[in-house]
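Below are the structure tokens for one structure; questions will follow.
Chain nomenclature is as follows: A, B and C, assigned in order of appearance, with residue numbering initiated at 1 for each chain independently.
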Amino acid sequence: MAAVDSFQNGVLQCEIEPNGFDFSNCTRNCALARMGAAPPRLNSTGTTIVAVTYKDGVVMGADSRATAGNIIADKHCEKVHYITDSIYACGAGTAADLDQVTKMLSSSLRLLELNTGRKARVITALRIAKQHLFNYMGYIGAYLLIGGVDPTGPYLYDVSANGVTMARPFAAQGSGSYAAITVLEKDFKIGMTEEEASNLVQVALHAGMHGDNASGNSLNLVVITPEKTIFRGPIVPDFCNKPEPIESDYKFKTGSTTVLKKKEIKFDIVESMDMH
Amino acid sequence: MSIMSYTGGTVLAMAGDDCVCIASDLRLGEQMNTVAVDQKKVHKMSDKVYVGLCGFHSDAKTVLDKIMFRKNLYELRENRSIKPKVLATIISNLAYQHRFGSFFTEPLVAGLDPVSHKPYICAMDTIGNICTPEDFVAIGTGAEYLLGVSESFWRKGMNSEELFEATAQSMLSALERDAASGWGAVVYTITKNNVNIRTIKARMD
Amino acid sequence: MDMMGEDMRKAIPALGFYPQQEISTGTTLIAMEYDGGVVIGTDSRTSAGSFISSRTTNKITPITDNLSVLRSGSAADTQAIADIVKYYIETYSLLENEPVTVYRSSQIFRQFLYQYRDSLSASVIIAGWDSKLGGQLYAIPIGGFTTRQRSTASGSGSTYVLGYLDKAWRPNLTKDECIEIVKTAVGLAVFRDGSSGGVCRIGVINEQGTTLTLYRPDKPGFPTVTLPEAHNTYATHVKNQ
């Protein structure tokens, strides 16, 4: 028993209770990199994300393309991440980092809400994100637009991977941001209506999806008001539709493929005692 | 040369109507030199949940052990059989734990929910970004060819036999052009009532 | 993972690390003491390489009612330092039940900027007022060397206006005279420096607290420069219109 305990405390501890990053492969990977081996391609959300504040809320939107090099790794990935019921974050950068950072944000804010019995504020989300990202000196490649409504009003913040934050009336991030920001700079007005704001976000996203090869496929929108949060999407703009062939039949008849060996695992559970 | 294509190998998963297919080639190589011709890249996690691991074979083995460990620990702690989505999250967290020094392997999960029999397929990059499309996912050296051909072969609402044919034919097409994969393929068709494991005829060069 | 200083800004493909060009505030910061307080002035441009990532940045970060810090260098570093020092100063003033002096605040800044001088690229000006010494300015360039100044400028735009400031400063300036000098200096720097631009933010810190004013280039009050007319470059046979 004692042997097992010391074993657990040693090698298996990080498997049983994962805590933080594991750097055990770093030496090997750096050595391989030095030997000239190309690193694996990571999925990145080469992205257009756009957010706009209006009279009493925030509209945020994103395209839905994830790329790995020139391959479209995911045509309908979700880049508008849930943080709390009234706070959302759009992400650009390394896809895995964005997933994990937003997951961390939503869990810590949920805990905060349960502990305090109040709704979390947008500035709190911003602080947690910024301090986390600054700690990792930009190595966590997450570029976020955090937006939401709390009892003190609507807010929109821009967070960079290295920990820079800025409060903004409107913002765009990602590889398609250059196209999107031109639309925002031209048409943004203070005190827009919800409809004007969500139209502006859509037009800006269209610009990004048009002009940037790493953005496209479809778009998702979230409109956050003091009363409710409305999620809209996926919306496929006309120019993103695949031209369907007039006639296409790749239906294979059963038995087209020659099977050399066959094994079947049958399930014949009549009644399950499992607790599901 | 990238470590990801050092040993070669390809896995494809497709989702159908209450069924999923997961196929892998059988080659294990050292760059252009073939070492083994019976190396499945698909592993059984539970009755209706399978994972595919492509990329560097040593890392795939290590990661498989780690996945098994965490999956067994989960089933012991929770006293219930694992759902494919839960397994995917476990693998994603494992991969992300090694964010700064990753394993050179891309995991793929395919299976049916043990209760609702809803199909689930997903693929990840080396640091655990989950992609869950409704149609098909591919990983490994032949992924690029597979994605193209599957785009045509996949249709909505295929039954298990149609799905098997589509998966097998996609795989055969990809093996035609991927030198790092080959030497036959094996296709697992997972349905509510059974799992069919079929070794299909392919070119052996 | 032995990376310090400049190395850590480089791309590390094995880690999937491709840093964006660092967001830094290629800046103009001007500050000047007058009788009874200090006047501070900044531009508002933040750039990432050649892209202007913000044209309305506020580089004057208030720490207390009578203390502000002007930030230049890496935006991430200066924001983080300002946050942590603000936390320290608030804690001290609560524990001791009296405001922290400007000198002591500057020393808290110095402590962090000196201790982490190898990994930070941050240069700040601390401007404030306290009942002991009145209006004060402390300049802390990269490295952490702290000096009290009567008139100071920093950031990329400062090189264009140091001469002007030397000429303009004199003892016993009034508040309005001081504002005019600082505003002109910001205008001159913004005119010549490509990394400075946007709006002009002017702050006055004295016994009453801090007042911030904003001057937009499209509204009256923005400092302008009138240049001598350029020589035309038409060929001699072309009629000059």
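By our rule, contacts are C-beta pairs under 8 Å (C-beta built on N, C-alpha and C of every residue); 3 or more make two chains touch, one makes a residue touch a chain.
The structure presented is a predicted model; accordingly, all values stated were derived computationally and were not measured.
Two chains share more touching C-beta pairs than any other pair, namely A-B.
Averaging Cα atoms per chain gives one point for each, and the point farthest from that of subunit B is the centre of C.
Subunit A and subunit B have Cα centroids separated by 24 Å.
In terms of their C-alpha centroids, the spacing between subunit A and subunit C amounts to 35 Å.
Separating the centre of subunit B from that of subunit C, both taken as means of CA atoms, is a distance of 55 Å.
Counting partner chains per residue, subunit B has residues 100-102, 127 touching two or more of them. Counting partners per residue, subunit C has 1, 15-16 as the residues that reach two or more other chains. For subunit A, the set of residues touching two or more other chains reads 23, 26, 29, 32, 38-39, 42, 94, 139.
Listing the residues of subunit A that touch subunit B in their complex gives 12, 14-16, 18, 20-29, 32, 37-43, 66, 68, 71, 73-77, 94-97, 99-100, 139-140, 248, 250-254, 256-267, 274-276.
By the touch criterion given at the top, residues 1-4, 47, 55, 66, 69-70, 73, 79-81, 92-104, 106, 114-115, 123, 125-131, 133, 143-144, 147, 152-153, 155, 161-162, 164-166, 168-169, 172, 184, 192-201 of subunit B touch subunit A in their complex. The touching residues of subunit C, when paired with subunit A in their complex, are 1, 8, 12-20, 22-23, 46, 51, 54, 57, 74-76, 79-80.
Residue ranges on subunit A touching subunit C, taken from their complex, read 23, 26, 29-30, 32-33, 38-39, 42, 94, 130-131, 134, 137-139, 141, 143, 160-166, 168, 178.
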